[in-house]
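Labels A, B and C are assigned to the chains in the order they are written; within every chain, residues are numbered from 1.
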Amino acid sequence: MTNPLVTFRNVEKRFGDFVAVRDMTLDIHEGEFLAIMGSSGCGKTTTLRMLAGLESPTAGEIRIGGRLMNDVRPHERDTPLVWQSLALFPFLSARENVEFGLKMRGVAAAERKHRALDWLDRMQIAEFAERNVATLSGGQKQRVALARSLVMEPQMLLLDEPLSALDANLVIRMQGVLTRLQKELGITFVYVTHSQSEAFAMADRVVIMSQGDIAQTGAPRDIYRAPANRFVAEFVGRNNILTGTVTTTNTGGTEIATPQGNFTAQTPTPPPQTGQQVSFTVSADLVSLSGDAPGTVNQARATLISEEFIGSVVTLFLEGPEGQEYKVQMQERALTGFDLTPGTDFWLSWEPGNANILEAG
Amino acid sequence: MQGRGLNIILALYVALIFTFIFAPILFSLVFSFNSQRFPTIPLGEFSTEWYVKIFNDPDVWQAVRNSLIVSSSTAVLGTALGFCTAYSDFRYNFRFKGPYLALILLPPTIPLIIMALAMLAWLSRIGLSGQLWSIILAHSVLTAPFAMAIIRLRLHQMDPDLEAAAWNLGGNEWQAMRHVILPFCAPAIVSALCLTAAVSFDEFAVAWFVSGLNKTVPIVILEIVQGNIDPQVNAIGTFVFLTSMTLVILAQAIFISRQIKSHS
Amino acid sequence: MSAPRRLNLYALTWRLPIILWQLMFFVGPVLFMVAISFFVVRNYRMTEAFEFVNWEKMLTRGYFWDSYWYTLFIASLSASVAMLVAFPAAWALAFRASDNLRRWAVFLLVIPFFTSYLVRTFSWYVILAESGVLNAMLGYIGLGPFKMLNTHFGTVVGYLTLTLPLAVILQTVTMANIDKTLIEAARNLGCKPLATIWRVVLPLSRTGFIVAALFCFILAFGDFVAPFYLGGSQEPTLPILILDTTKSGQQWPRAAVVAIMMMLTLFTVAFTAIALAYRKPAGSR
């Protein structure tokens, strides 16, 4: 891969005593769709605002295309942002909003208009060009905001929870629009969100942040299958987490003794010490359910508490003898033949390869 | 509470209060067309005598000219001062912000007669008294807080990301001011111009003290009233009412209509 | 807001001119007024000095203190009357009127607050005169004529002209902002209507009411028109004293003494009122 487009080196941002971003080191590559995800106050928006120059780091270096950007003022950058509030100018028409950046850059009126209309057309809202933005629907405003940023032909587009104000159906539609746009334009998208489904649906790579730190960086699939630590495992959800003591460990697997029984998990690098306290996760959709003991290595007994349907996927919530919680996720049709009365006992089992040991801490 | 009866009593009471507040304005209008020298009931004949009289009085004309100059200049100056303070308050946090805001907001809490004396003494001392623009200087200080309040309210309604969005799209701070803040505040600025003009147009105490021989309309009224009852005052008064009421109504209407719009 | 915090030309443009302007044309005049209270007048000319002669002359005179206590009394009376008279109307507008009606009422009340007080006072002068409109109307029902001009009554009518619109506006807005569910809760718990006003509405609107009363007091305390034209100025108020001393006697330093005494009084009243307004509720009542 070529040099990264953006580099964060040991970046820190403090607001008084509050550390919003701590010792962040991160590369963002050209043409990638990067999502920064975390709950509110985790530092994701501050990171984005530092990229746009709306905040300057209190320590460390941020470079864009090799140039040190720490003290470059917002208007001297080429980092248009799609705001959570959209921040459309309410006293201007849709077209004038899109023209705004070009006007600031001194582009002549005729060309401005031409380029703005082009982009409105591309976003399929050309018919609303002369309408006041206040009269547009949520989805249309969203498209105006995108056009207003993209008309600047940036190398990188910043997006701050742009879909949070839209209803569920529209979110899915706009996700399609965004991924298609990003592929077509081939530019970098940095997308900040608290929504796991948005991040995992669109991004090539996801950065999960927690209290100013990066908790994990990786492709959505990797994060989902192998959360690096307890925070990510819990944040991503749909994970079963068990804790116990390492009894033996070798390249073939690691044996862990827990109050729920003995289990085998994949051995991580570096391998854990014998006698060490560790936690491991099993993704809810990789757990099998049976009425009788399957007789395999990783099996546990649990009582059904409740179930939850989302579309054709069912999540079962179960409880083990020592109060251990389990989640099992499967297709609805795979459940026919099971008695799903709460209180029924089941056996759960999973492949050793699907049990991932978490980093300590 | 016993709904019906109480509601009627309350409605009558509110009507009574409004009558008390608006009666002098109405009577002034009626008296101005009344032929009696000492207006009472029953009214005299309909007459435009008093209007003719003031219409032919060059002093009145001069006063109207002066008033227009003073109130329009004050409006521009007071609104500019109010805007700067409102924007500084909206945009920045800084040390001594409290005293800074007090500096502009306090004048209306000091009685006008005291401001009049203080202005007279100080402006004479620095050689700026007795001129038409002495009134303008004094009035700018008196009216700025009203402009500040109106514009600050408007800024409060603004999405705080809007200004940053302008920077983000390549505008420097001055361009953001010119293309985002000012257009957004435009209705409030017009509203503030009307209100400050109205306040200046009506103010008589400070104007009377610092103006020297330059009379504005309220000063002419004051001087006529000091003499004796003269229904000319009602005719001039009606003109003053119409002017300042129009300005205050405009100020409110512009501000309120924009508020409703931005909430839809 | 965020963005670069350092003080730059842009930030100073919006801040500095105002500071200079207000120092020059607000702080300057007020401080200079304090200074001239120590100046002396010789041969009808004010001369720089630092003497207490004006303070002595004013503060040892009976007429100053008569005027002082009278002004304090009549301004307090007018503020109280304005607050009391305004209350039922404000209550009705806040709780019985529709939102739309209330907005219109406030819209209308703002107009007289900003428009020609002087002409309105003159209009009262004509209405209240011995043979004026009010006495003529009362005459039809066999009453009067009453002497209303040049009395306390006249003065108070003038002050009310000034303060009543403001009192109604501030009271209405304050009470309209009270959470209505609290009042309903009190009523549900068996609180009687008057008790609800006393125990729920007034405590909840204390800050707004005290501010309203304070503004009424300031307006009445500093006004010279009502006592001069409607009260006949037989008992001159402090503003009339300033007016006379400045306009006729050329005694600016003595007028300054009166003005400073007025400001000190206003500060004391304002600080007390604000302390009361923001004091934590004592117990439950």
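One rule holds for everything that comes next: contacts are C-beta pairs under 8 Å (C-beta built on N, C-alpha and C of every residue); 3 or more make two chains touch, one makes a residue touch a chain.
These numbers come from a predicted model, not from an experiment.
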Identity of the chain that, by mean CA position, is farthest from subunit A: C
Innermost chain by mean C-alpha position: B
Between subunit C and subunit A, distance of the C-alpha-averaged centres to the nearest whole Å: 60
Subunit B-subunit C separation of Cα centroids, rounded to whole Å: 17
Averaged-CA centre spacing for the pair subunit B and subunit A, given as whole angstrom: 56
Shared interface positions of subunit C, touching two or more other chains: 2-3
Per-residue overlap in subunit B, given as positions that touch at least 2 other chains: 164, 167, 173
Junction residues of subunit A, two or more chains touched: 54, 73-74
In the complex, subunit C residues that touch subunit B: 1-3, 10-11, 13-15, 17-19, 21-23, 25-30, 32-33, 36, 85-86, 88-89, 91-93, 96, 103, 105, 107-112, 114-127, 129, 131-133, 135-137, 160-161, 164-165, 168, 193, 218, 221-224, 229, 239, 242-243, 246, 252, 255-256, 259, 262-263, 266, 270
Of subunit B, residues touching subunit C in the complex: 1, 7, 10-11, 13-14, 17-18, 20-25, 27-28, 31, 38-42, 81, 84-85, 87-88, 90-92, 94, 100, 103-104, 106-107, 109-115, 117-123, 125, 137-138, 140-141, 160, 163-164, 167, 173-174, 195, 198-199, 202, 204-205, 209, 218, 221-222, 225, 229, 233-234, 236-237, 240-241, 244-245, 248-249, 252, 256
Residues of subunit B touching subunit A in the complex: 159, 161-162, 164-173, 175, 179-180, 183-184, 186, 261-262, 264
Interface residues, subunit A side, partner subunit B - complex: 52-54, 73-75, 79-81, 83-85, 87, 89-92, 100-101, 103-105, 134, 148-149, 152
